[in-house]
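Next come the structures, one after another.
Presented sequentially are two complexes of chain A, the first with chain B as partner and the second with chain C.
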Partner chain A sequence: MDNRNPRQSLPGLCLIPREDGIPRALFPQETPEAYLAQARILESAGGRFLGLWGAGDPEPRICTAFLLREGLFVLVLPLPKETPSPTFPSLSGFIPAANRFERTVRDLFGFRPEGLEDTRPWIGHDLWAVPPLSLPPGSPVPENPGAGSSDYPFVRVTGPGVHEIPVGPVHAGIIEPGHFRFQVVGEKVLRLEELLGYTHKGVDGLFRNRDIAWGARLAARISGDSTVATSMAYAQAIEQALDFSPAAGVRALRALLLERERIANHLGDLGAIGNDAGLGFALSQFGCLKENLLRKNRQHFGARYLFDQVTPGGVRTSLDDEAIADLLEENGILLEEILALHKIYDDHGGLQDRFQNTGVLLPEVAHRLGLGGVVGRASAQAWDLRADHGGDPYRRFPPALALAHTGDVAARVLVRFLEIQESLSFSRALLEHLPEHSIAESIPDNSGPAEGLGIVEGFRGEVLAWVRLAPHGVIEAAHIQDPSALLWPALEIAVPGNLVADFPLINKSFNLSYSGNDL
Partner chain B sequence: MDVSPLSLRSGFFLEGAQLLLAIIGAPLLAGWIGLCRALLSNRSPAGILQPWRDLLRLFRKETLLPEGTSFLFRAVPYLVFAALASSTLFIPFLGTDPPLAPVADAVVLVGLFSLARMMMAFGAMDAGTPFGDLGGRREMMVGFLAEPATLMILFTASLWSHSTSLPAIIHSLLDASDKFHPSLLFALLAFILVFLAENGRLPIDNPATHLELTMIHEAMILEYSGPLLAMMEWASQLKLILYLLIGADFFFPAGLPKVLSAGALAGGLLLLSLKLLVAGGTLAVIETLLAKLRIFRVPEFTALAYLLATMGFLIHFVLEV
Partner chain C sequence: MWKLLLKIFQTGILTEKRGRPLSQTHPPGFGKSLAIRHVDAGSCNGCELELWALENPYYALSSGGVKFVASPRHADLLLVTGPVTRAMKEALLRTRDAIPGPRRVLAVGDCACNGGIFRDSYAVHGGVDGVIPVDHHLPGCPPSPDELLEAIHHAFGSSPPSSE
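Right after this comes the complex of A and B.
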């Protein structure tokens, strides 16, 4: 790990440590050249590209996030106001992952990425006559009369025996919509290309001109399985903008909620992965554990999936001694069950045969793509905000980083098992040493414009939030970034070379969010 | 061939009863397997009647045909069902000598099953969707790999009677059932593997999956709906019970009535139901314990079945003649 002083390694970009999480700041760049140069510096300093988004009137701009060991750096490139469709330099030349983000910005705002060769629409599917976020808030978006007349130009593979399999967006099971285009020879996948955006709901647009509380409700509803992570990232961003720091008790409760969300999702994923390999027993067993956890959520927090539990300034519910004792008991039972199930998975020859060497994402590739989260950690990418520099309470009971090196389905299963165990012991420590807490404080008002960032290690990876407030708590613009958007391209790389029939298993081991990607 | 005499009337009574029992009993057996699987994996079961409820629900729905399908698509469910339903007339399971049994021997039976499979693949490909193609292709591969083993099992069982006629095989096995036959033990193991492969059960295919890309059987019937889908479902339940009935005939023939009296028939039926319940329970246990094989492991699986069947065949000559 690079422990040099950030001042020395990154001239001009300096972060101040924060109590409530990762050091994070916005760095306005004056010219496109400076923006490009600074992005190159951050990238070559080992920074992971975390996302790119735009904001429209009254302050049009492009924001690009990089995560380094030192903290979160967001470069801001202001765009000229009067130009109808201003250009910005594309980063995709040295950051391939920027491709979809820049196409999204082009679809939503009409800003043109200069140097991006890929001219295909991404999130908009060419459905709009004008970019929807170039219009004032609330105005209807005119439809593109030519929508649907031409097919999305997938990259085709030609040759004897090569054929195409289109899958989705409507699937045989009840899952989110997404389109996958396979180029196959017999059962072997030569190429996979995704087309997403079917669940686009215009989140960035919905945030505009709303108050903070409304924004919190929206943030909680972006991707149901990550509601705590997105709410928490949003709350952090608001709190940074208002220069407010939540109390230690609130921080501990938030961390606890985040771990409960992580455990519930990992349980669900592990069961679903086993089920996709044909082991129905796994689904019902893990499903049972997850259901018990959700019922405890309802009993102690009032919401099965913990909706609206984290609010800017605090949390919604506190725990009394009885609840803490109950959750501690649940914690012990879960740990026992998980260890038993882990052994069953490890000892099951048929399951291991399906898991091992399936959907391999090599560590080099994961590193080049700058992956984090479960998928990155299963490919030896040692990034976990909680373990790295999570602030309080992660500093007090540092969770160990779960890492695997093979990058196959087995590795992603292993990382999930290890993380559940680590989450359980971390939650136990939190519950046993829960500070005195008041659940929420009122957040201060802002007299001038303010801006803030939030970043949280959700169960898939880093969830990012950015808000820009107009005076008196009105959201001028906001963006929330689910890790799925970064991880989807990795699936396109992990699948080729495998059998078509193994795709659902690989896909499930990634378990990426469609809704979180499409926003 | 020595066949005990039957009057025409009682003979046709037997055939009618076989047909009705197999057709009505097939969904019940599927329900029983589902019940066992649910209990084994810690879920609350839907009950033994669930497949019947599903079938009746589907029969009440309207038929939706995908665009661009030909008459073949509509004809296939009837053809598949007819091929399998007619097989019930040739497999002796209520009495040893159904009068129509001489019409078809074991090889014709295998042919009838192949016909059903081929029809199903045609229907799947007729719809022109990639999944139908994928499923049909895979189904033909599995069938093509499993067929040699199936024939080898039949030949092993027919070594005593020197005939592939089912009643003759059963008579000879019943006569020789006082001794232990190692060759039949090998054939039984091979039969279990073939049974799993041919009926789309785990570890070859997952009958409960909703993942289009891993499906075999389900992918073929993905485009069917309403009564046509019900026919297809029913046919595959029928195929399952037919395989189990053949298995019961070959490997556990004891208790099969040679004469047609009310008492013998009732006793035979009771014993048969018991055999089927045990077989269904065993299948549920196998399916609960196993994960699905990678599709390219299927040849290994069927090769093992063929190897076992061939060993049974050879062992007969080494140890039993």
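Right after this comes the complex of A and C.
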């Protein structure tokens, strides 16, 4: 597990360490058989499946990402150009998580996953008469005249006393849209199935034929709470494609922005989880701490949620000495507050009664699903790109991994508390040792096609980006993968056996993105 | 428990005074409070973060008589975010129809106003106007809590909407 050198067991797949982060590379596979075989090798070598996506003309392909301790491996399977609906081998037989990704590719591109038994639409909801991304960019997509006429075939549980609760897409609160179907006996959930795709905005299609700067604005709007993470992954992908390495000052400021996003979201989540367990005090207290942080963001970076702060080649704002002193003071105050609130959470019997043994995701299940992020780490999955890989600046001030083992709501709360504390000390180190303040350089031009990958540890887990550039900085295709797509199936496993009334609490402890999933 | 109470005491009241209370601006047809049904019609969740922020003690939206409600039957104002994805069109229409009159429709954020960055996509309607009549628009990506408060008060205190 701790061997960071390329292993002999991965023939032909070798990664070169990179200054700016995680070693990562694309590995073209010549035949579907080779693709399938290589995926099996990576999976059995302990690789975590991170996502699968497609790209259409002019170079139709399937890309599949695996994260190993060595770095990020992306297998590329080119598909025949002139065939209208080419096939590719499904991985879902040995990687169950591939199911929804392959259905998405089928919905959007019309590529057919061979061996995938699940024929139901997923992201596309059968809304279009032809797969929208099989058409050239900008062409109108005819709607499916029969859309909405038939219900999505949820798996049904039958038996005496079993009933069904449909929830959504409009939920009872300020929440993104999605549908949950519960099969229930009495108060207890027997089965939960999700139907997502309501926020599908055609992001992969929008990237096509745009310039790099426009793409950066879109990448910042994949999931509003992860704007730094998605912008950073996108910037890394562009920079890898153009063989450009950002300056140390840029890397440090990006790392700082990423931690500020993590802290803000964890604060919001901790407050909301406490509130869902009946402690209104939590929502007020954490709401204030989060608001203070957002106001500091506005003051020093010009944006509360740090939209568009990370750009390919740099960052938007630098910090002067006064700002650094102010942020260091904020850092100390926040740490004190967090320690006090952590103690209050721990000592509160009523709260712990709701948290403990609720929404348990067993470590072995999390391992089988290949989970990372807060949810994975709360179920003993020791993956954190910041701790594992340590490109600069993580190597200089390595953040410790936050880990819990019980896999319940309490564990997910604990991981968030620990991560805020770790983020604060990491941010303090960054602020105290901020390298020279160069904030942006112009990125080079490319005369031929270029391709790159980016991956960062966002507040939910690994955020992945892939871009393929045509000459002179025109995006031919791009894809951004939020970890939510992998975590949603885990929620379906954590909820059954719990009371219906505990669903909001469990759901909040996962806090997954709909927009980042649906793209 | 005493630690919790002490913390409340130490925190004090943080709510910032701003604007007029709703009770002075309410138009005929509404009571002295405003109930909002929010529909996310495919936003990136950025606008929702600021809607959530309205509930924190600094803005304390509910202390001014404004609250977000679960049922459209209880709502006066339909607040829509997002560019209206194809998949959300029907849910948005049904929610609107379930809100009794007099009602207002407020489109929040660049996406809801004109589709924002997603405008040219095959998957969106390019803003709320493309699907239902809108009474008030609040652009921004995302609009700040202050702008949101102002827009909500404005929508509430305005003359009867065109959509009635």
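By definition in this document, the second predicted complex is superposed on the first by the 515 of 519 C-alpha atoms of A that agree within 3 Å, B and C clash if a C-alpha of one lies under 4 Å from a C-alpha of the other, contacts with A are read in each partner's own complex, and residues count from 1 in each chain.
The rule we apply is simple: a residue touches a chain if its C-beta (ideal position, glycine included) is under 8 Å from a C-beta of that chain, and two chains touch if they have at least 3 such contacts.
Bear in mind that the values here come from a model prediction, so they are computed numbers and not experimental data.
In the superposed pair of complexes, A:Arg428 makes contact with neither chain B nor chain C.
By the touch criterion defined above, A:Gly148 reaches chain C but does not reach chain B.
In the superposition on chain A, A:Ala172 makes contact with both chain B and chain C.
Contacts of A:Cys288 after superposition: both chain B and chain C are touched. Legend: residue contacts after superposition of the two complexes on their common chain; A:Gly280 is shown touching chain B, with no touch to chain C.
By the touch criterion defined above, A:Asp353 reaches chain B but does not reach chain C.
Contacts of A:Asp225 after superposition: chain C is touched, whereas chain B is not reached. Counting the residues of chain A that each partner touches, chain B and chain C differ, and the larger count belongs to C. In the superposed model, A:Arg40 lies in contact with neither chain B nor chain C.
Residues 172-174, 281, 283-285, 288, 348 of chain A lie in contact with chain B in one complex and with chain C in the other. Partner chain A is touched in their complex by these residues of chain C: 3-4, 7-8, 11, 14, 38-53, 55-58, 68, 70-71, 82-83, 85-88, 90-91, 95, 116-118, 120-124, 141-142, 144.
By the touch criterion stated above, chain B contacts chain A in their complex at residues 37, 40-43, 130-131, 134, 202-203, 206, 208-215, 218, 222, 287-288, 290-297. Only residues 164-167, 171-174, 187, 274, 276-281, 283-285, 288, 348, 350-351, 353-354, 499-505 of chain A touch chain B when the two sit together in their complex. Contact residues of chain A toward chain C in the complex are 125, 127-128, 132, 138, 140-141, 143, 148, 169-170, 172-177, 197-203, 205-206, 217-218, 221-225, 227, 268, 281, 283-285, 287-288, 290-291, 294, 304-305, 307, 340-341, 343-344, 347-348, 513-515.
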